[in-house]
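Next come two complexes, and both contain subunit A; in the first it sits with subunit B, in the second with subunit C.
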Partner chain A sequence: MAEFNTTLKEQGEISIIKLKGFLDAHTAPVLESKFDELIKNNKYKIVVDFQDLAYISSAGLGVFMAYIEKVRENQGDIKLASMSDKVYNIFDLLGFPLLYEIFKTEEEAIKKFSE
Partner chain B sequence: MKTQKLIVKSRTENLSRIRDFVSSNALEAGFNKDQIDEMILAVDEACTNVIKHAYNYSPDGEIRIEIRFDKSAFTITIEDEGVSFNPDVVPAPDLQKYYREHRVGGLGMYLMKTLMDDVEYKSEPGKFNRVSLTKKLKTT
Partner chain C sequence: MYLYRLHKNIHLTISLLSLLILFAVITFWGGSNSKLILFTQDIVTLILLFSLTVQIKEYIRKNKISFLSLTFAVASLLGILLMTIWFSRMFMDQLIQKLNSEISIFSFTSNLIGTVYLFLFVFGTAAVFVVLKEYYFSRRTKFNPIYFRLLVIFGILSAVSFTLFKDVNESISVGFMVVTILLIIQNSLGISWIAFLTKSEKYKLLIISVVITILASVLIGYTSSETLHAKTLMTYSIGFYKLSVLVLIYAIIYFGVLLFTVLFHLPTAEAFDRKAEEVSSLHLFSSLINQVLDFDELADTITDLTRKVSGADASWFVLKNDSTFHTISQKNISANDTDTINNYLLYSGECKSLTKAKICSLEKTVVKTRLSEQFSSVIISPLRAQSEIKGYLIAARKSGLLFFEDEAKAINAFSDYASIALENSRLLKESIEKERLEKELDVAREMQKKLLPASDPDLKEIQICSVFIPAFEVGGDFYDFYTDKKEEFSFVIGDVAGKGISAAFVMAEVKGIFESLTKILSSPKEILFKANQILARTLHRKNFVSALYGKINIARSEFEFARAGHCPAILIRDGELFTYQPKGLALGLDYTESFSDNLEEVKITLEKNDTLIFYTDGITESKNKFNEDFGEFRFIDAIKAHSHKNVNQIAQEIISQISLFTNDSTQYDDITLLILRWNKN
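Moving on to the complex of A and B:
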């Protein structure tokens, strides 16, 4: 079975979710519950670090679409960072860079929140 | 022509097994890593659609995957006995619509068509649905 997990760290008011492994229709609920938890705790400034993500399918992309409006309505954002070329290409193919800010590094994404 | 078959139940936990099945055969056929990644994703999307839409997440449906390849092409055929659909009525991806509706739909089919050289649907309602995904093996 494909392995997927997330780790969460807090830096000030910013929550950083680090993804690891394979994000598909089977593992997408793991990420959904992480977003649910953040939103329940009124944490709306979210950075997602893709550095250790090996794979994403449209079921994984759908998770970001499910939460983005709610997060932005609460003066927050979901910023994406550190994608491999392979993962970025899938986001790009589907036009996601029009809706999401994507950064080369986690640090740049965090910094953007304080601007 | 070489043929390989895999039959799995309609459960998302089987997606990784399906991806491995495609990967090992595509490697044997002589595709490079980028091409293999494209085929893996296309097949994942096709099987995810079967699990979600044809079987509506019922875990005991059957998904039959057959790979056939020779020196010129690699075809993955995915067959199910779930609910039929008309691929012509699946709309093209619309990001603004996804944003408004908080969900995505039709992305999988768009990815299949973009990542593969040929995508063919055949459906006999009440009997089977079949999608065939082909990638040509270009010798450089």
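Moving on to the complex of A and C:
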């Protein structure tokens, strides 16, 4: 299937992961290793930017579930931002908006952390 | 018995007989000047010599004795002969007189001792001669036996002629001897076999040659006709005496030449050794290409051979993984040092776009100061597959010496072999892994097939049609029907996050949970809530499950359902389409009360010909070759266009619309479609 990659950006104590391409069962490990890396470095304030994400499958959603508990235990959070309508619908269908804070833009998500 | 053995070994018999004859001749005619008797002595001794030669030769051939051991044997024999001479001088002084006097007890004893003495020398001469002959015929580029045969003929001639022409003219036999010596010189040139010895063997040979030359020279010194030794031998056979001198001369000349040849070969011995090693390594390696089953073993051998082929002190190789290099295997060097040198070579741009092996000096670089051992020079050679660099072979040398160009070339040639072997190993591993995955998927598909209902229930009030199209990798879709309760029809449709065997296992678990819950509880909301609670104990967070549970009360024409993160339900009534997406979290996302708080139940009173459609995201997310989704709109359009048809036809039309859209693009997810039509008034 199509490619997937991530870029990591640090802004203060907040880590911003930008997703690009197709996130499915095959590419999920790429994102998992990114989260592993952040948690290893005790970085628990994470914003995920979906701006360039074309597609997410249920396995892709599973990645966020796998880490949220650990992150919240350490007074952090995973906040989601800049989703396309299509991606948002998939999150919405499964009820993710109940579990995660989803923002229109990356800036709003970052601002939420500093409050 | 003994006779039989004698018969079998004809040469041994001849040797013994000749000795007896000699003994007899000396006993009866000792000291005689008769030409006939002297000639007989010569001939008998020559026969003895010949028979011993043959036996020694057979022994050498049979036991495949190496040249170096033969040389050593010659040295020892000559040593023994010399000792014999020294030893016998002490008591043999009177021997000769007694030998040549009339028959008596004393002369008999003397004769016995003399015969043994002679035998020792005949044996020694024969042995030395055989070894020299072996040398002559080994590793010849041209088979040219004529010179050696001539040498033998002239040797015998000069031996025999002394007795025959004793009174006529001594110069004839001297002439023969001169010719023989010339032939000896001719035959001693062109020693090619030493080139194939290793360096240490050459050193040993050098020492032994010196010893042999000295021993033979000393022995020659004892053969001047005045000495006791010469007299003793001459008593038995003048011819043999001359022959023994000739063989000693041959030994001196041959080993003298050998000595110098080895001396000249020594400086190149090491280079020759290494070349030989290279050749054998390459041979070993080409056979290794096929032994790629065990990657670690292959890596180990590659490293080892790299070191050998270049005469390096240490070697290792790195493989590229994304953009970083990892040391796979190393020999005689610490991990810390390989990392330091790797960093210097690979990341500093020192070896960018390398096409062949390159020699780099570490002298006067900062790297050297950071190493725990004093590596001063490295060769780095790229490992390539399909013109792409996959890694590097690296060899390092201590001792301040740089590598030479030919060593780089050797590694260069070698890395081609290594690349092929590594690539083969990788491909093999990949295909084994692929096969394993395919087997695993076979199991998963088989499991999924068995978990799903074998057929649709046949009910009077409800027409039911289900379509399930599995994706190659098993997408985790499931559905089930429950018709055990009277006046009630229930079903579940769901999708497990993830793929393959792990999804299949979760599916099996979820199926079991719903099957038992449906017997105890009746409200869809309650069933989903309870299922979520049970799954909390076992489900991994990332394997959540979306599900929609529905129940039709046939008597009351009532449809009730709840949705746990699953795709919406669709109702078609009088050609109009309604989508229901009540609130609800997928199973396994949240185990707190908020799951229940956010789960809505929908109740619809059914009318005749109402059509209910349930599906999984495999339908809406079916993709064409441009990676576009089939999407909800196309799905709804397809439903609307055919909603007046029966359930089977609707299903068929929807599926054919999807396949028209995807047009043979890979199906990444399972497709499940459930269509119900209410037939009751």
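Heads up, the rule we're going with is that the second predicted complex is superposed on the first by the 114 of 115 C-alpha atoms of A that agree within 3 Å, B and C clash if a C-alpha of one lies under 4 Å from a C-alpha of the other, contacts with A are read in each partner's own complex, and residues count from 1 in each chain.
Keep this in mind: contacts are C-beta pairs under 8 Å (C-beta built on N, C-alpha and C of every residue); 3 or more make two chains touch, one makes a residue touch a chain.
Everything numeric here is computed off the predicted structure, so don't read it as measured data.
By the touch criterion defined above, A:54 reaches subunit C but does not reach subunit B. In the superposition on chain A, A:30 makes contact with neither subunit B nor subunit C. Of the two partner chains placed by superposition, subunit B and subunit C are both touched by A:95. Where the contact sets of subunit A with subunit B and with subunit C meet, they give residues 1-2, 24-25, 55, 57-59, 61-62, 65-66, 68-69, 86, 90, 93-96, 98-99.
Interface of subunit A with subunit C (complex): residues 1-2, 24-25, 54-55, 57-59, 61-63, 65-66, 68-69, 86, 90, 93-96, 98-99. Of all residues in subunit A, only 1-2, 22, 24-26, 55, 57-59, 61-62, 65-70, 86, 90, 93-96, 98-99 touch subunit B in the complex they form. Contact residues on subunit C toward subunit A in their complex (touch as defined above): 473, 476, 495-500, 540-544, 546, 564-568, 581, 583-586, 588-590, 594, 598, 617, 621, 627, 629, 666, 668-669. By the touch criterion stated above, subunit B contacts subunit A in their complex at residues 12-13, 15-16, 19, 34, 37, 40-41, 44-45, 48, 51-52, 93, 95, 98-100, 102-104, 107-108, 110-111, 114.
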